[in-house]
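The following pair of complexes shares a single chain, subunit A, combined with subunit B in the former and subunit C in the latter.
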Partner chain A sequence: MKNWRNHLGLLVPLLVVAGMVLWPVATGNLSNRENSFTILKAIALASSLNILLGYTGYVSFGHIVFYGFGGYVGLYFVNEQGWSIWAGILVGGISSGLLAFLLGKAILRLRGAYFALATIGINEAMKAFVNNFDLFGGPIGMTLNFSVYRAYGGAAEALRLSFYIMAGLTFAALILSHLVRTSKFGLGLQAIRENEDAAEVMGVVAPDAKTWAYVLSAIIPGMVGVLFFFKNGNVEPHVAFPLHASIELLVMVMLGGQGTVLGPIIGAFAYQGMRGFLVTSPIFKDIQLSVSGVVLLLIVLFIPAGAIGWLRQRIPSLRRVLA
Partner chain B sequence: MQQLSLLLASLPDGILLGFVYGLAAMGLTLIWGVMNVINLSHGPIIALGMFGTFFLFIRMGINPYIGLIPVAGLGLLIGIVIYFVAVHRVINAPHLSSLLATFSVNMIIIGLGTAAFTTSPYNVDFNMGSFRLGSTTILGTRLIAALIAVLFTGGLYLFLYKTRPGRYIRAVTNNRAAAELMGVPSTRILALSFGLGTMLAAVSGALIATFFPFNILSGGSYELKSFVIGVLGGLGNPIGALLGGLILGVLEGIIPAFLETSWVPVIEFALFVVILLVRPKGLFGAK
Partner chain C sequence: MTVLLSVQGVTKRFGGLQALTHVTFDLPEGQILGLIGPNGAGKTTLFNAINGIYPPEEGRIIFREKDVTTAKTYDHARMGMARTHQIVQPLNDLTVRENVMVGACFGRENQSLGHATDTAAEVLNFVELAARSDQLAGSLNVAQKKRLEMARALAARPYLLLLDEVLAGLNSSEIGNMVEMVKSIRERGITIIMIEHVMKAVMSVSDRIIVLDYGEQIAEGTPEEISNNEKVIEAYLGDPKLAEKLLREQED
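Entry: the complex of A and B
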């Protein structure tokens, strides 16, 4: 690798996530593995959202729709058609990507708050639709046949396998995020973020670039959805399409710093850590949502660039490492 | 034939509810029109209005319709406070900032509300009688709520077009920089507009509480309805919001005659996305 310096920015994110994966393996503790799974899932989803939000500057308030839709499709094939989890994850990712392609062709024409509103509408429409869709079990959802786990050596082994797949998906999300950020395609996206009209004048084909950014940001959430519902053993409409989860993802990206590879990781870490602390603390447990709200408000008002963005502004020498 | 009678039975109710939905949406669309901010704390304010009716009527025995006056006053005040705390600093920032700022207010209210009132359902048992219109029964509370909604719309119209602060609000809506050059105190006008928006939300919540059970999370579904209505009527067009509310109310009245009720949100949100794409300025074309 001649240009290894260009990829220095990927080093810190990979090390952080590798640490997250090794921590439960080293301690051999099951509850550590669960915590690590939750954080890895948040990192993978937030990094995917960052491709659209951070690089392209489009605010999606309903990004969780891809997680829910991909998860539903994948679980349907695993459960009803007897496919393996690998094929299920693949088909979940592809169907989310396809959905994003079709939606993107339509709604990416909208800008700013109109786009944000449309994504909320799509999430709610999809949730209401799945609620009525009998093939996916309607309002009851789908419950995984316990026999499905047998192919993976029982439930405990299947959970272990899920953790490693999750780790793999998180690495994939990071590498994807880094590749987009350093590529010419990503440069086009960042030009769109700064000024869409000017970018078009300079030769960026904005509609195509935006659609592909949307597709890329949808595939991994679809895969994560399949894996999560496979691990959980069931899926219901209100678990698959929670609007507040979309907003939690936005908060994570904002917290860490939008438009950076490391930012969503730090944000996911900090947000999950804060939530875990608030839910268990005797003083804050009843008003944990309010405390999160105050923290979010303070960040939005005073450090809109997020933790990594703030560090990059303050300490220029860190810019090469903290990408 | 059976469907027709079902239609006739559910349509008047839908229309009456539509006026109240329209009132809620008017608050949202007023704020959007004046300062290009989508107020994601709209739903919790509606819920607070509902609890306003509950405490004034059940605990203090004040008639819910007289109780609207303190609810409206508090709604205005809360809105002005929210504006100065959360919105003022991000009003010129990218949309993400104002969306997240108002959403954090949403989280704060829901968090405190859940701690104070839990999420179990509340009910205001208030009866204004009912009367028969052909084959349908119309509840007195809904008729009065619709009348009050129309009254508030008229009041808002008069305020915007006949008073000095109203004229200032319209000037800031049109062009804030130019209005400032003409000596309009824009910060105060923005705060007032935000307060008026939340006031309308609180009043609509107080009216809804007289006929539906509710909890602190109930505002969310009316917030989503307000988005749909706002887009139908044109975001930033308060009078269009009332018409949009009527359309939504009629849809909610018609759809159950042909499909299962659970399909209503599918059609509502699909319509919402389609209108955003085809006519983002709304069916009645603001500007």
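Entry: the complex of A and C
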């Protein structure tokens, strides 16, 4: 009974995402599937960022580097070495995790704004590196050889498969987020978020805990990158490492509520909805990113805890359900 | 009597400031050691050195027969050293229970979450905060936050507890409660070093007292010896014979 209640916080997020997966399946509409894919991708990325931002309290402005780097590595093996998409996703996730491990050792000793600045620098440095790295196609990037799709029953089938893999990755991101949140490791991360010095005095080995949080937050973005570039059929440096996408992820996590499992889902959903409206509106279509900036500003000023955090503060009895 | 902590010739400088000069003492298991001295005497610096926040330039710190001079503060915690802070450091957005669980989970016993929940309940009961377990730590008042600091430290099941001015800012009835609490912690077999400005309290609970002044150890002894020590009185009140001396000089 007690165990069951501990996992109540995962129930609502799983149901929301399950609904989003079933919506295009039930309607059988391809454009719904594309929309759903975009939202699921945003949820998976935002939930991963939340492990670092929400639980550990470290702001990363360059989290998209893991998506781009993992994606590049995975696509390289799928396209040039003839690996299956499954193996490609695996190697993408592992290489992003490794990158995070090495970066973590180097920059996680920085705190606050300095860490945030370092993450921007890393994203830009990686973009410049890939731009000049011939194995990955340099500035032209890589275009998927369409014969690759044949192994999956043609392009249409490959795209359908991609959607289900995306759904699987999103569920994995949620479960990972929940497990971290409810574990002893997660308690240590939250202690670091609240007061790193006090946490260390209490015995939390902050350097190790932060590094692992960074690694865990990087693996799924790496996998999502491989899948997205596989589905897209090509990858270029500016598509793989867009700085503004990192900031959009921050807005999603902040909007929904950092440090909760449900928050990034609500945030990703709301943000993608808003974005969909803005890019099609004649007035806002060119200044869509400025609107995101204003939204971020308003959140930070008025509801720093995000939508879920705000609800939890108003209605304490929801604390257990809205984990 | 086994020595739990041995501080040997510890010296700490901050730039040109000599914060600690060859501080040396042995602390037997089960005692309460009072650490007193005027503001800026180096008391909290000594705590930080013992606790591994910043390692000393010279000297050694031996804890349970291991040299911990350069060990990190989290290593100290895992070996059984816990402390409270002079300026309370609650984890504001976590509940009172979660705060205490952090202490239990990452302290000496490295408890699992389930075990830590039980420990937290027991310790919160002891410090009389059980009713506030589900409240956010940030919403407590100062006296409660001090007790939370104490609870977090105790949940780690330490051998040695460093208390940094747990009585400061409390009213007299709260002081009475806290002193009783310190005494019953000692009865559990936990060795304590306490920094304190409330003289009556520190004199009544300490087995031994060390006095620091400008980073130097100017006196050490039982509470009675300390209260009659001229150097100590001078450090706190100025030279007691100053008036006499001045009168004599005038006569000459």
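Operating definition for what follows: the second predicted complex is superposed on the first by the 316 of 323 C-alpha atoms of A that agree within 3 Å, B and C clash if a C-alpha of one lies under 4 Å from a C-alpha of the other, contacts with A are read in each partner's own complex, and residues count from 1 in each chain.
Note that in this section contacts are C-beta pairs under 8 Å (C-beta built on N, C-alpha and C of every residue); 3 or more make two chains touch, one makes a residue touch a chain.
Treat the numbers as computed from the prediction; the structure is a model and nothing was measured.
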Would you check which partner chain A:195 touches, where first means subunit B only, second means subunit C only, and both and neither mean what they say?
-> second
First, second, both or neither for A:206, with subunit B first and subunit C second = second
Tell me which partner A:184 touches in the superposition: subunit B (first), subunit C (second), both or neither.
-> second
For A:86, is the partner it touches subunit B (first), subunit C (second), both, or none of the two (neither)?
-> neither
Looking at subunit A, does subunit B or subunit C touch a larger number of its residues?
-> B
Using the superposition on chain A described above, determine whether A:146 touches subunit B (first), subunit C (second), both, or neither.
-> neither
Using the touch definition from the top, say if A:164 reaches subunit B (first), subunit C (second), both or neither.
-> neither
Footprint intersection on subunit A (subunit B / subunit C) at none
Can you check the complex and tell me which residues of subunit A touch subunit C?
-> 183-184, 187-188, 190-191, 193-195, 197-206, 259
Can you name the residues of subunit A that touch subunit B in the complex?
-> 53, 57, 59, 61, 106-107, 109-110, 112-114, 116-118, 120-122, 124-125, 127-129, 131-132, 139, 247, 250-251, 254, 286-294, 296-297, 300-301, 304
Touching subunit A in the complex, subunit C uses residues 51, 53, 72-74, 77-78, 82-83, 85, 89-94, 98, 101-103, 105-108, 112-113, 116, 152, 156
Of subunit B, residues touching subunit A in the complex = 32, 36, 38, 85-86, 89-90, 93-97, 99-101, 103-112, 114-115, 224, 227-228, 231, 260, 262-263, 265-266, 269-270, 272-273, 276-277, 280
